[in-house]
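Each chain gets a letter, A, B, C, D, E, F, G, H, I and J, in the order it is written, and its residues are counted from 1.
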Amino acid sequence: MNRNDVTEKIITVKVSKGIQWADVAKKVGLSKEWTTAACLGQMTLDDKQAKVIGKIFGLTAEEQKWLQVVPYKGSLPTPVPTDPLIYRWYEVVSVYGTTIKELIHEEFGDGIMSAIDFSMDIQRQADPKGDRVNVVLSGKFLPYKTY
Amino acid sequence: MNRNDVTEKIITVKVSKGIQWADVAKKVGLSKEWTTAACLGQMTLDDKQAKVIGKIFGLTAEEQKWLQVVPYKGSLPTPVPTDPLIYRWYEVVSVYGTTIKELIHEEFGDGIMSAIDFSMDIQRQADPKGDRVNVVLSGKFLPYKTY
Amino acid sequence: MNRNDVTEKIITVKVSKGIQWADVAKKVGLSKEWTTAACLGQMTLDDKQAKVIGKIFGLTAEEQKWLQVVPYKGSLPTPVPTDPLIYRWYEVVSVYGTTIKELIHEEFGDGIMSAIDFSMDIQRQADPKGDRVNVVLSGKFLPYKTY
Amino acid sequence: MNRNDVTEKIITVKVSKGIQWADVAKKVGLSKEWTTAACLGQMTLDDKQAKVIGKIFGLTAEEQKWLQVVPYKGSLPTPVPTDPLIYRWYEVVSVYGTTIKELIHEEFGDGIMSAIDFSMDIQRQADPKGDRVNVVLSGKFLPYKTY
Amino acid sequence: MNRNDVTEKIITVKVSKGIQWADVAKKVGLSKEWTTAACLGQMTLDDKQAKVIGKIFGLTAEEQKWLQVVPYKGSLPTPVPTDPLIYRWYEVVSVYGTTIKELIHEEFGDGIMSAIDFSMDIQRQADPKGDRVNVVLSGKFLPYKTY
Amino acid sequence: MNRNDVTEKIITVKVSKGIQWADVAKKVGLSKEWTTAACLGQMTLDDKQAKVIGKIFGLTAEEQKWLQVVPYKGSLPTPVPTDPLIYRWYEVVSVYGTTIKELIHEEFGDGIMSAIDFSMDIQRQADPKGDRVNVVLSGKFLPYKTY
Amino acid sequence: MNRNDVTEKIITVKVSKGIQWADVAKKVGLSKEWTTAACLGQMTLDDKQAKVIGKIFGLTAEEQKWLQVVPYKGSLPTPVPTDPLIYRWYEVVSVYGTTIKELIHEEFGDGIMSAIDFSMDIQRQADPKGDRVNVVLSGKFLPYKTY
Amino acid sequence: MNRNDVTEKIITVKVSKGIQWADVAKKVGLSKEWTTAACLGQMTLDDKQAKVIGKIFGLTAEEQKWLQVVPYKGSLPTPVPTDPLIYRWYEVVSVYGTTIKELIHEEFGDGIMSAIDFSMDIQRQADPKGDRVNVVLSGKFLPYKTY
Amino acid sequence: MNRNDVTEKIITVKVSKGIQWADVAKKVGLSKEWTTAACLGQMTLDDKQAKVIGKIFGLTAEEQKWLQVVPYKGSLPTPVPTDPLIYRWYEVVSVYGTTIKELIHEEFGDGIMSAIDFSMDIQRQADPKGDRVNVVLSGKFLPYKTY
Amino acid sequence: MNRNDVTEKIITVKVSKGIQWADVAKKVGLSKEWTTAACLGQMTLDDKQAKVIGKIFGLTAEEQKWLQVVPYKGSLPTPVPTDPLIYRWYEVVSVYGTTIKELIHEEFGDGIMSAIDFSMDIQRQADPKGDRVNVVLSGKFLPYKTY
């Protein structure tokens, strides 16, 4: 057994029972973004969170233990994603990558926007010309230091 | 001469004159994100915008024409970016890719978040534990349709 | 169980029963292009469509549920396809890619031809020198906007 | 000197003089698709066509000779194109590849749709919900034969 | 079940029964090259041919049906083949590729040698300095046309 | 200066003077296949051959010396060729690779068909249904030996 | 002009004048690791540091400005380095990668060792069996947080 | 059965029993780095070490034999690691690779830092601004020799 | 069943019975290099050799037949090997590749050193500074010929 | 100027003057293998060696300094070499890689054959069936140690 087996079980149960990620998140008491990432094998749960998830998806005690193991992260099967929804995000990085770099450096100097001390919020934004996906990314700025 | 030559000239002038992207954007009258992307060879300017950019960076009439040619887009030299700041964005796509997919589909059904009818806003968010980079991405949801 | 298992079952049943995609499409009431793509795991069916497909291919209730889950899209095992029929399409993109880009931009300006708000129609065109495959692709033009 | 040098010169002259591909095609007396592909270094011109192109773009006699040399074809810098407009075409091949294969084989049996005995026609299709790009691809069906 | 399963069964039976491809071809009544390619999952058999193959290798009715399905072609596990015999052919394409291109274009003009309307004949050629493999490739020339 | 510079000069002179490979081969006194490969930087000439080539293409004494240096072989810019004519050959290796392997081993046992002790002959074969490219490849069989 | 030009000039001057990195570092007043990385185009200097480097290597005012521009980082020409010294470091990541992951997670929980808030110290360690390279890496632990 | 099966069993048992690598190392009597690498299938154990590991993880006699077989090393599924913790190490090699090379050569001349006669020590370093991961790498310097 | 299954069985039996390749080679009556390569699925055995191997490793009659089938050769899972021992050989080809080419051509002219009419002998060479691995490679020189 | 420029100059002079590597080696007083590798930019010369090479190839004082700089090693333009002579060596690593690994481990235990404390000797071996290339590789065995 490994973490991937547990992820697959969670997805299978989700489909057969028609579970919604938003409901799972409410029960865990955290954002839907973090909770979904955790269920998809990208984040590490503590004992209490694992029990909540375990109950929702009918996981065994051993499967719950696997939720508490730090996973080998990276959720995509290829370096350039083939799925159109995910590719659009890759395209944003490809087209705007140097722009993002220039503007963060102009504001903060040399360093990065953390992908660890990081949060993400995805919302529907109503719009008469067609609703929009609104995403807020927040990452701590980490400066390179001299030494 | 090609668009890339013009991009390189813009960057060279920017460094030697100490120009800021935010100031360029103000003169163009558009966001700093779109303006920077245009200067870096990823967006297409109209005649009036090209003149403003041309004046700031001392571009010839022919160079200004190149700013109005639709560029071959993609700003990164490798499929997986090596620059740490840009890599963190790639990492977000890699780690959260399936999560983003699940949550947008849960909210909107099958389709994508457009990277064309799209805008981005990058801001400093003051934080006592260390300032954060706050980014808002807004993309129109485009549904797959049956036919 | 996952979507891929259902796709494989559909193909296996198709071969053993000698089912035609055109007949499946008629029963679903949609084009043969969309219907085939859906059966091959690239599109998402609604409840009613899933029942029709389920009946044709003898799918269980759970398998029908999987047809209603948005799939991770991309139907090819390698970035450059090895199958000669599919490669010829890749070759069209490779040889005519910059031509297509030039002509769409000349007509519409900067933007893309959508692959989401998109339809395809494949027909036999009788020709005394050898019949031809006639394909009509229709995609909404999506302009890049300034912001 | 090589074919690529001539292609670059043609593009440079096109930008500086504001030439349109549609006008070039009219003067050559062929479709805008074939003519543009030829100017972009993907097709081979005969002596008369080369003279017309040479006059439009101010090419020397030697440059006109290069237009008559069969080029090493393939217009994209990477196997998976980074430019969003061209990528959408790649995505169509990726998502619909197996569908296209199934439907052509269902209609014609084993074989391919030729990319050589092939033509393409790109048109604007007015649409109140947003104009569409309409593309007709026509390729001779070439059957695999037993031997 | 899929075509690959049938290919593997054919190979397994061939080894255990010591069957020769040349004998299979005689029974099918076609060349050993086409027949072997078909048995290895690269060509499509008709009903009668499938029955002959089915009898030789003890295939079930369903397995015989799979032989009549057009396969996803491409017989090699990597883009550059590792097997020395097959690599030598790849090397011929790599070293002589531009030569082949020049000479076919010099004789025929722009176009290709078809790999579909194509046949291959592999023979032993006795030679006192060591026998040789003699291969005749025959492919229809397909010219690019203007349109 | 390097071998590649000499190859480019040969090709440039060939285009500007309208030289044919078949004529070059006659003057060298060898096959058009070997002669073209040598001119394209894939084979090594002896002193006498280099003089003949040098005279035809107006090469300096130093350039003639480079023709006598063993070149770093491989004539294609990418592992999978993008040019349609050359790709068809790659496709033959991809689709028929395992077939070629099976049939040579069935006839000769374990070993390879040499790409060094090798010759190639490309001819036009008149055919009422469309002329064909006829290619004869001849390579010495080299057996693996036990030791 | 770009940062890479400045890096190349620094290296050229270093070789022709026989400058040592350790001496450069002393004059800059920082570690030899950070100083060398900065000279090799991987770190950003402030005005004062740029003047010191500029004086040592005879850089113009404009070249000194480039040292203060945040560079596009990544110093290796291929994803898997070919140089044996650098490859051994890649091999450590390849062989010990999962070990490092396990032990840091065992001690700290889920998170990473920062490569930004990071320092490195390389020293010779005398050893009778052959001197050793002793390297100390220090990176802040950054925990993943729930949100 | 192969070494990989044994590695997977060890990891599964570790999770279900909550074993710590540090405790395993104590029982083996070696560093936690070497011991973990060995359990993860990267190092070779002797008979005595295999018995200790076998007892801790409940391995059969045959599984213990596999621990004594030299494994095919390399612990990562992709050349560029996707896991953020391991990627940061890859990034250090990418960003500092040429710096490390310069400084080791400046101190030792041409040669490498061995990844075989090598040890690694990972420790928590308390720090009021956030604890740090402190890693000491020690590798014998191996000089290139003339011959 | 395929050749790979037989290879895996041989390795499994070897580990569980503690068989040495040198002993296998003695019983087969050939070098340890050829014999090991054959057992690892890279060479083809004759009937008598297969029986000897079959007896040593307890192979069935069918498994012995598979040893007599020419395998698809290539023993490594990735183009650039990750295993340190095998990588050092790849590194020799990478660092010394052009040197080997120059020296063989200087001695023999254009051609190759055969990897088919080839043998290898690996021996321990005692050395007070540390024993050495001594390897003798012998390959027939095959000249390119004109034709 | 960089090391690569010096390598190219050496090769150009070698061709124009008809210099032999064996003669260069004699003047340097080292093996032809090491000397050639050094001239091709893979090894580092000391001051005296650089003067000898400088005299033979007419190098300036600055070019001689570059010969004393440790180069970024790796002499091949692609991970899998296209040149047939060099590819055969790659093929030996590919086909015999696991065999070499097994036999060195059987004799020496876990460790590697060094590619740094390494020498190579290439000789012609007369043979009535065709002369052979005889290569002796000698590399120190470096054992993995526990720690």
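We adopt the following convention: contacts are C-beta pairs under 8 Å (C-beta built on N, C-alpha and C of every residue); 3 or more make two chains touch, one makes a residue touch a chain.
Protein names from UniProt, one per chain: A, B, C, D, E, F, G, H, I, J = Cyanate hydratase.
Treat the numbers as computed from the prediction; the structure is a model and nothing was measured.
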**Message:** Can you tell me which chain lies farthest from chain G, using the average of the Cα atoms as each chain's centre?
**Reply:** E
**Fill in**
Cα centre of chain E to Cα centre of chain H, whole Å, reads 47
**Request:** Take the average of all CA coordinates in chain F, do the same for chain J, and state the distance between these two points in whole angstrom.
**Result:** 29
**Prompt:** Going by the touch rule set out above, which residues of chain G reach two or more other chains?
**Reply:** 33, 72-74, 76, 79-80, 82-84, 91, 94-95, 98, 101, 105, 111-112, 114-116, 142
**Message:** I'd like to see which chains touch which, written out pair by pair.
**Reply:** A-B, A-C, A-D, A-G, A-H, B-C, B-D, B-G, B-H, C-D, C-E, C-F, D-E, D-F, E-F, E-I, E-J, F-I, F-J, G-H, G-I, G-J, H-I, H-J, I-J
**Item:** Complex contact set, residues of chain D against chain F
**Value:** 1-2, 62, 65-66, 69, 72-74, 76, 79, 115-116
**Request:** Quick one: which bits of chain A touch chain G in the complex? Just the residue numbers, please.
**Result:** 30-31, 33-34, 43-44, 49, 70, 72, 98, 101, 105, 109-112, 114, 116-117, 119, 142-147
**Message:** Using the touch definition from the top, list the residues of chain I that touch chain J in their complex.
**Reply:** 20-22, 32-33, 36-37, 40, 42, 73-76, 79-81, 83-86, 88-108, 111-115, 118, 120, 122, 124-125, 127, 129-142
**Complete:** Residue positions on chain D within touch of chain A in the complex are 80, 82, 84, 87, 91, 94-95
**Complete:** Seen from chain C, its contact residues with chain E in the complex are 8, 11-12, 15-16, 18, 77-78, 80, 82-84
